[in-house]
Each structure stands twice: as C-alpha cells, then as structure tokens.
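Letters A, B, C and D mark the chains in the order given here, with residues in each chain numbered from 1 onward.
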Amino acid sequence: MIKAGIIGATGYVGVELVRFLLAHPQVSALALSSVSFEGQNIADIYPNLRGQLRGKTDGVLGDADSAVDSSDVVFTALPHGIAEEWAAKCLAKGKKLIDLSADFRFDDDEATFKAWYGKDWSHPAIHATSVYGLPEMNRAAIAKAKVVGNPGCYVTAATLALIPALEKGLVDTGMVIVDAKSGITGTGRNPGATNNFSETGESFMPYGVGKHRHQPEIARNMGKAAGGPVNVVFTPHLLPMSRGIVATTYAKLAKPATAEEVHALYAGRYAGEPFVRMLPLGSVPSTRNVRGSNFCDISVHVVSGGTVLEMVSALDNMVKGAAGQAVQNMNVMFGFAETEGIDLIPAAF
Amino acid sequence: MIKAGIIGATGYVGVELVRFLLAHPQVSALALSSVSFEGQNIADIYPNLRGQLRGKTDGVLGDADSAVDSSDVVFTALPHGIAEEWAAKCLAKGKKLIDLSADFRFDDDEATFKAWYGKDWSHPAIHATSVYGLPEMNRAAIAKAKVVGNPGCYVTAATLALIPALEKGLVDTGMVIVDAKSGITGTGRNPGATNNFSETGESFMPYGVGKHRHQPEIARNMGKAAGGPVNVVFTPHLLPMSRGIVATTYAKLAKPATAEEVHALYAGRYAGEPFVRMLPLGSVPSTRNVRGSNFCDISVHVVSGGTVLEMVSALDNMVKGAAGQAVQNMNVMFGFAETEGIDLIPAAF
Amino acid sequence: MIKAGIIGATGYVGVELVRFLLAHPQVSALALSSVSFEGQNIADIYPNLRGQLRGKTDGVLGDADSAVDSSDVVFTALPHGIAEEWAAKCLAKGKKLIDLSADFRFDDDEATFKAWYGKDWSHPAIHATSVYGLPEMNRAAIAKAKVVGNPGCYVTAATLALIPALEKGLVDTGMVIVDAKSGITGTGRNPGATNNFSETGESFMPYGVGKHRHQPEIARNMGKAAGGPVNVVFTPHLLPMSRGIVATTYAKLAKPATAEEVHALYAGRYAGEPFVRMLPLGSVPSTRNVRGSNFCDISVHVVSGGTVLEMVSALDNMVKGAAGQAVQNMNVMFGFAETEGIDLIPAAF
Amino acid sequence: MIKAGIIGATGYVGVELVRFLLAHPQVSALALSSVSFEGQNIADIYPNLRGQLRGKTDGVLGDADSAVDSSDVVFTALPHGIAEEWAAKCLAKGKKLIDLSADFRFDDDEATFKAWYGKDWSHPAIHATSVYGLPEMNRAAIAKAKVVGNPGCYVTAATLALIPALEKGLVDTGMVIVDAKSGITGTGRNPGATNNFSETGESFMPYGVGKHRHQPEIARNMGKAAGGPVNVVFTPHLLPMSRGIVATTYAKLAKPATAEEVHALYAGRYAGEPFVRMLPLGSVPSTRNVRGSNFCDISVHVVSGGTVLEMVSALDNMVKGAAGQAVQNMNVMFGFAETEGIDLIPAAF
C-alpha cells in the first residue's frame, strides 16, 4: 500500500485521477491539492464524488508541498512548464513523480520542447533520468524510473497504431498521415468557445492544422520505432461528444503485405499487453467500446489495391490518454499488477 | 461464491448485468442465454466485452434451460409476460430468480397487472411469496425471497423521491405530479423511431402522456408508503442522451414545513442507505453525477411561498433503474455486502 | 422597406436577429453594434454569415448611437437593466425600440421588476406606454407601440400553453405547475460551467428551483388571463441540446371537461394565429418539429381520471422564444405581413 | 413557375426536398409519392410540416405514376437501382428527372457501376445523355440535361476540395487521402444499429474502410479533373450528430507552392460559385457554419514543411450533399436564379 498525491486535482485529468486512485486497492491515502480551490472540498466541486472518499482523504484541497510531503508518489496535472520544479522537490525528498503535462515528454530533446512550448528546461539533469511513460514502448525503463512523463492523448493513439509497422520497416516514412478526432474533454475545464455546447454540439471541425503540439511528440515516438525520421502529418478534430479519441492513420506500404500478415505482426507485437486489444480483421474500433476504460483498440487494413496500410485506433482520452495511463505507469513503477485499479470493463453504451 | 445466469443477456439491461457480474467478486461463473443470438459470442455482439470475460464464461450464448441448470441465481431480462415460467422452473430446482420485467412488480394485485399489461398471471401462487425488489422499502423481505421483481426505472426515481414525505403524511395525496425525463437507453436495443439518432438527437418530447405503464407501479409504491391511495400524474419524456433519469416531483404540503425540516426527515430516512445520497440544501442532482453508478441523488425544496414540496431525484436508468439494482437485490438475497460489485464511483464527465 | 439596428449584435439572440433581418424582405439596411467587438466584422466572429450580408450591412460592428441614428427600429439584445436608456433615446429621435431583455416586461409593476432584477426604473414614464410583446395576447397594442418588451423564452412557452384555459376559468389557480426544459443556447454566449460541453452533454438537471426570474413573468401573464392571482410553481431544467424548449404544465380542472372540449377551446382561441399550431388530440409536440422556426406547438391532455389538465408546448427558444418573436413584433408594429422574414419551415431533423 | 414531383418523399432526402420545394418561389405545385406510406398525409409522418403545405399540395402521398404525370420535373429519392425506370418514363412523357441515387452517377462507366452496385444498366441509352449533377464541374451540361444524377454527399465534399488542385496538376495523384466524417442522417430513415442513439451518441467510429461506394465516384471525379487516374483512399466515419460532413484531404505537392498561391488558385476557381465559400487562410470550416444551408466551405493548408497539401471541406450532407444540390440542379435546368429556394443563411448554432 502506498500514499499518493495529486497536484492539480480539480482539472479534468486531476479529478479522473482522483476517481481511479480512490478505487485503487494499493493506495491507502490520497492528498489533494489545487491552487484555484484551495481550502474547498473536492466533493463540492465535483458532486459525483460525494460520499465516495472512502477514508482515503477528507476531500479538502490543500497546498502542493503538503501533498508532496505526505505521498510516496505525486501526480502533477498542471499546465505545461510547471512540473519540473515539483520533480526536483520530489527527487530531493525521495518521492516518485508522474507528470501529465508535456514537461517530461521530450527528455532527450530540449530543442524540440523549447520550439513547441516556448520554454527552456530549468532542471536539465532530471531529464537525463526521466522516462517517457508509454508502457508498450518503455516498460522496463518505467519500472526503474523516479520521474515519468505521461504521453499526450492523441500521441498514445497514434503511436500504438503505428509502432509495430514502423519497427519492422513495413511502411514508407516519407508521409505518414494521422487524422485524429477527440472528444471535448480534451479541451479541459476552462470554459471557452472550443467547449461551449451551443457552438460545439451538433458540429465538427479540425483545429491546429499543421501546428498542434502533439505532432512533434508523435514524430519523436515514430522516429524511435522506425530508427530514423518519420514525416508525420497530424490533424486533430473536435468531436461533439465528451470522451474518446479515434486516430485514422495512413502510410504507403514499403513492401507488399497482406492484411493477414499485418494483423499477425500486430497481434504478436501486442500479445502480452493488458491494455491493447487487436481487433479481428474486418472489425473497426469505436470509442464506445473503450469509453471509461484503459483499453486502446486497434484495427489494421490494407487498402487501395494493396498499396496503403491503414490503421484505426480508439481510446478514452481521459483514461488511456491521460489518467488511466498514469495509474498504469504507477503500477509499473511500484511493481503492482499492471491492471490494478484500472481494470474497468467498458459499458456497452 | 455463487454462479449466476442471465436469460436475455443481449438486451441493453442484459448486457449491463453481464458487465456488473463479470466484475462481481462473489460471482464465480456466468451462464449467458439469448434467443436472438444463440450460438454466437457476446463479445462479437458487444465488442466492449472483448477480452474481459475473466474466466467466468466463454461468452457463447446458450439456451435458457442450461443457464438455469448451471446457476444459483437467474436474472431474467425479457419482455413482459415471460418470466413467470422461468420463476416456476427456478423454484422447482431450488434456484433464486430476479426478474427485470414487470411480471413480479404487482405481487398482491393481479387486476392492475392485467389492466396495464393485458395478461393474466399463469402462476398466481408464486406471487404470494415473490417480493418487490426495492431495498429501500423491502430489504428484510428481499433477504428471504426466492423470487424478486426488480422495479421500473422511472418508478425507482419517483418512489425514492416521495416515500419519506408520504410515510409521514407530509403531503396532500390528492395530486402528486411526477414529471420525469429519461435517456434513450430506456427504449431498449430494438431500433425504431424513438431511438433513431436523427430524430431524437437535438430533440426533446414527452410520450405516453396519461398512459405510461410505470404510473400504476408508482401509485402502488406511494400508496403503500402513504397508507392509502395517492393520485399520481406521471409524464415521461425522452432526453437526447443515452443514460440517466431525472424525476421532478411536486405535491402540496399537507402541513407547514420548512426546507430544513424536510431535509432532516429525508436525511434520517435514508441515513443507512448505501445508494441514496441526500444532497445538501441548495444543491440539485444531475444525471452526470450518478452516471454509471448505482446512486440515486435526491434534493428537496419548499417552494411557492411554503405551500409546495418539490423533490428532484436522479439515477442511471440502466444501473439503479435496472441492472445495478438487480445486483443489489442479489447481494441482499445472498447476504453479500450490499455494495459488492456495484460500488463504482461515477465519473465527473 | 425600413432600416433596422441591433444593439448587442454578437450575443446569441443578437446574431439570430441578424440572420432573420438579413433575409427579411422589408428590411433594406441593417446597422450592427457591439461593445465587445466594436470595429470587428461580424462575419469573422460568426463565420456562418460569411458572404451573406446581402448588401444590407458591411458587417462592421459600430457604436450603438450610430445604430440608433441610422435606423427606423432598434433591437436591444443586452443584459437586463440597460435598455431603458436606449428606449429614451429612440423615443427622443422618433424611432421604435424592441427590447429583448426583461426591462419592459413588467410595464405596470415596477415593484416586481425591482424585487427580481434588483433595479429601479430610471424612466418610469416610458413604461406607461411600452407594451408587452406577446402578439397572441397584445397584438392590437403592439401595433401602436413605440417601445415593446419581448417576452422571456420559458414565459412564451408557458403562457401560450395556459392562457386559453385560464381565460375561461377552466382550471384551479391554486397550484399551476410549469415544468420546463430548455436547450443550452438559453445560457448565452459567455462560456461557463452551465454550457461547457463536457459537463452538460449527456447530462440533465434542474436549476434555479423556486427562484428563476421567469416565474414572476409567467405569473403576471397568467394573472392577466385569469383575471386574478395564479399560484405558479416553475422549474427550469437544462437539456443536452442547443435549441428548444418544452413546457409541461399541470393544473387541476376547476370544472369537468373532456379532452375534446378543451381541444376545441384551444383550437378556437388560436384559430387565427400564424405561429401557434394546435396539435390533434393524441399527438405531442417535440422540439425537433419547431426547431429553427417561429412556431409554438401545443397539445392538451385530460389525465388522472378527468381531474387534471395537462398541456405540452414546444418552441425554439432562440426564435419564438426570442429573435423570431421580436421580428414578429416588428412586423406587427410596421404593418407588415406578420410572417414576413420568419416563415421558415422547420426541418424534419 | 413549374410543377414538381417527388418519388420517395418520406425518406430523409425526400422530406428535405419537400421542405425546399414548398418554399421555392418558382414551384407552384408539388406531387408527393411514397410506397411505404401511400394514402397517408406527409404532415402526419413529419409533423414539422404541419400547416406548411402552402397550397402546393394537400400532403397526401400518392402513387408514383401520378406524380410523374402532374409534374414538369421529377425527383427520385429511392434506393439504388430503381431510378432508371422512372427516367425512361419521364423521358417518354417529356419531363425532366433528377435522381438522388447512384443510378446516374457513372454515366460513361457501366462497369464501375456494376462492380460496386451489383446491377447492369437496364436503359443504357439514357446514360448517353444523362449528366452528372455537380454544377461546379458541369453547369453548362446540366443546363441542357433532361436526366441528372445528383452526386453523393461525401463525393461532393471531396470533389470540391480537390478539383482545383488536380486541374492544375498541383498534387501527386499516387495517393490522395480523403478522411471523411458524416452526421447520422446519412444512414437514412430505416432504423438500425448504425443510427440507434444509444450506440451512436457519444461515440465515433469509421465504417466501410476500403470498400465504401463513394470511393469510385470520388475517383471518377478526380480523374476527370486530373486528366488521368487518381489513387484515392477514402475512409468514412460516423459522427455523433445529425447533419454535416467534413472531408479532410491530403496529397503530396507535385511542385512547390505556398499556401497563399494555393489559396489564390482556389479563390479564382470558385470566384463565381454561389455555394462555395473559400475561407481566408488561417480559418477552418466547421459543419456548424453550413448547417441547413447549401454552402460548401473550404480551407487550404500547406503543411509538413511545404510538402503536403491539405484541404478541409464542410457541407450539410442533406443539403449541398443531397436535396439542396438537387434543387440547385433544378434551378440550372430551368434557367432560374441558381440560389432560388436554397439561399438560406445558416444559423450560428
């Protein structure tokens, strides 16, 4: 049993972490922190939690330093650029940290981080040992890590869809298309035009065409899998629904392959993965089938007369795309069963 | 550990039962039956279940008699009028039955059942011992029952909202208004005009005005609580969303009472209930805060210059309004902790 | 042909007015004003309008005084408490004003306005001649008015549902229940928790129980129809959709009446009305059938053994509940055909 | 003034045609036909039309031959494979026909039609003179045509997005990606799993990957624009909303071009088009901005370091993607102003 703390507990990712950790059998206590709502009770802000604190917390939102002091592991669910300071504090006090911002997603590449997030690293040394928290790529390193950078939501969907093919040199890396669609929780809790129901319900549009911050993170993961640069075109779109991401990805086949061969490759690559479900040939993923769960469902298709490989991946952006994956990382870091606390069966509707 | 069977496993209520029982720590095996899909695998029909059968079932949909034979408790999630036969079989074989249709909701009143459902009872003797499965009214009897009739979804919301006031004679029984609104899962899996997205999304309407079958069931419960007849006006409406019911109920106060007094009465009445959450004065329920959980949230209001008592109750029609309440009844019938397998924390969004 | 101006053109009601007036055959020019976006082009803020200004405006948002000066009629779509000043200016300059806030909805009752809106009248004299803009109650007075107060959205739905019965003394005025449900556009353009998709999509809840500002306005209209005080209980709810209001209203019958008799009464009362559609007995309104149009659809029901009269009314809160009704008032004030510019046929979906 | 008939008036496309033709100033009479609902009144099936028949029809659904006899132009909104017979009848009687199925979309290519629709042509001679009804490609021919095949919804969005680039040889035709997303009205009126709210609301998924019937139609249009074969990968997805299509299209640039240059090319190509709106650089289309209107909004982007051309197009699948475009074709065929009856300004929300 461990104690966990959440800095930024009242954002959407934060409160989803609260939900998973309240139900986690290996977490005995939960310290919650929020700048915006310090002193208030989280069950007043999120009444879904009323009566469900389960003796792990009184719900009162405290300061972040106290959360660090009382925890074995700290989750930071903050705007980009703040987590480094908390990582330094955690390391100094012998605590582990899992960050859900972009701060530790580019650990070997400060230049790219700076180019896209407009900020230098303040603690470069930490990045030398921090680990990118995608268990399907980095499980062994995560198990030994003290600081983990949790991947972006779109990035998880796109990366899982493409790495088996890239690792085997199956596709042309000259133009990989990632056409992705996300539910509105991805815009976070701060209200604005991008999440006003009247302007987003019954509507659909792309955004950030050619300049979304998840593009370099996807390209980085793909490059690692391919062993060389991959030219990634990434377009996110906003769906009129709360949760769920679908990434539809396209690449030219570099060598002939049947759908059966590709499926076998993928099924083998993900055979032991508790949270990747390869769909049988002929099926396609739907966000409905993963909603509320930590699964990423993937289908593979060979189209256009055998010349193009198309993959479809679906996950819940708040779970496998954020809080669930963070708990999965915690499980790996502490040697718990990887599915503990996040083995929820998705509902049919 | 017990073995459970579901007859009608591929309807919406059935598959929701599957989800809860797969995750239930006291259920070791699950037998699934379906007339429409016999021989197929439930994970092919509901891909959300793929890889999640957890050794309790192979997923193949068998015949109903086999499901009875291999189970300690049988859930029937069938159209009205079929469950009596299964109850007779279960009783003959010493198995318990929890029915989710209306067949055992009028156990002391065949005339009303016949008037609204157009069918005589075929096994009147069973109704002499069957129990209406609303734990907040009938817990002790449920604990000893062999056959339980699970309440209707609207009925649960309306009944929980009103019984504390009715039991104390707080309101005039001459005209109680229940204005209720339900998500579309209430229309079930069979596709039709009432659940076609193009005609129900971005739309709202009442239906069954003055003639919905839940009216007599609400009236029956209220009458039992009041100790005499209650004149109930019930209007259901269809919400453009999947899950959730809100009942807004109105009755004239029979004697003066402040909101604080009413709130204290309700809080006392439901003090020990694991699945009823009385909201503090000034708050109102939202389906969002109970979605996917077995909670019924209730608020009380004294309005119109102190003359009218208004209650708002919210629950998930597929959980506390159907499958979750059925599992709660199972827990009571078998002496398990009442929250086992259904202690899910609702998500914030 | 007249010239029209809109003060507050970029709010939701404002831009809906823009849409109707751009297409109105009797409006030759349109002056648009906005404090928040002065100097910008409305087609940049609302790209739906791109290329559709039709020579009536260049789209540039100017100052309000200029809009008054260049117009024959001015629409004020502003927060409550501001329109009086503009009414004074318009009257001084011989222009007509149609206000969409509450400022002119209580013309003979400053006390109620002050009690609910917290503000004294600054120009009491104007209220002596201003007219409440519900054509179905006040058409003749509107035709002669210089200042018109456009009714509230919920108020229009509730009033049209009840006045025929109240005018004939058909119902008991001791407790009239108005249970109303509105789409999210009713919360306006300013983003906040009440219109964040993630918290309002797939959810439903009441708000302002016992204290919504439309209650006194409904009570005022009903009192005028009944010729005496009516005790109105009003509960609004927020629907997970953009547009549309349904009011479900209940009152005890004061004297016996069949559904056929009530229907005949209503059909007679609204026989000449271009925008009220009495549905045949057995039908119920749906917001889908009025979406985007100026219609209010109404059904009547006698329930509970002949003791209770129930009405259901549906309208589009942005059209008959706001901008469409304002244009209808303009048509009446200027002697145009009452349907000009607002005779849109609702789409089937 | 002309008389129009609709065969298949009660499907979704049919009833949308009814709406437009009832409001069309050049249509004096409307004959409605339906096999499923013959003898019934369309206003009972679609209550949105109640009171809106405007003297053009009594609403009674008659037989198809009568509709042909009483009309100058006949619209067929039927399943694929039926319209040819009606085209023969219309030609024999000197009437014009606009078909909304696929029957006349492959007029010079029976083989492709047969391969995808599994049917030979029964009247090959008609296809020699029938015209593909995309005014932006074929206006002059449409003006002289007697039989017009209205394009598919996805096809219209994809074609308009790509033809300017293809006509100028701007892009590599080796792999053009069309990732398209449609609202649920595209699945039509027949209820089924693909339009059940409970399974499609709050969900998103692709369908028909690599085998959707709109692929050959898109390829045909692109090939005509490019003057040679284009390898098109087309993936449709189902959005949790009623109306609207977005196509996001990707192709490698065949020669260097800046976004400004591409934008200028597109703006020039569509300069005179009443229903194509080129958005300024930096903007993206949203289905919200075209909902209910006949517009197709298009944006262009040069991404991936100047190597890839990306276009986003949005239209209403029931209007520019079906019924609106059919009326546009009618306007061209009869020499009416092209915007008559379909010059609706989209609402802001």
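By definition in this document, a residue touches a chain if its C-beta (ideal position, glycine included) is under 8 Å from a C-beta of that chain, and two chains touch if they have at least 3 such contacts.
Model, not experiment: these values are computed from the prediction.
Asker: Chains in contact with chain B and with chain D: which ones?
Answerer: A, C
Asker: Where are there more C-beta contacts: B-C or C-D?
Answerer: Most C-beta pairs in contact, of the two: B-C.
Asker: Starting from the mean Cα coordinates of chain A and chain C, work out the distance between those two points in Å.
Answerer: From the centre of chain A to the centre of chain C is 46 Å.
Asker: Just the number, please: Cα centre separation of chain B and chain C in whole Å.
Answerer: That pair's centroid distance is 39 Å.
Asker: With chain centres taken as the means of their Cα atoms, state the distance from chain C to chain D in Å.
Answerer: 36
Asker: Can you list the residues of chain B that touch 2 or more other chains?
Answerer: 12, 185, 198, 201-202, 240-243, 286, 288, 291, 348-349
Asker: Which of the residues in chain C come into contact with chain A in the complex?
Answerer: On the chain C side, the touching residues are 12, 183-185, 187, 189, 191-193, 195-198, 200-202, 240-242.
Asker: Where on chain B does chain A make contact in their complex?
Answerer: Contacts found on chain B: 12, 15-16, 19, 22-23, 46-52, 185, 201-202, 242-243, 277, 279, 283, 286, 288-293, 297, 318, 344-349.
Asker: Would you pull the chain B residues touching chain C in the complex into a rising list?
Answerer: 175, 177, 179, 181, 198-199, 201-207, 209-210, 231-233, 235, 237, 239-244, 246, 248, 250, 252, 284-288, 291, 299, 301-305, 307-308, 310, 312, 314, 348-349
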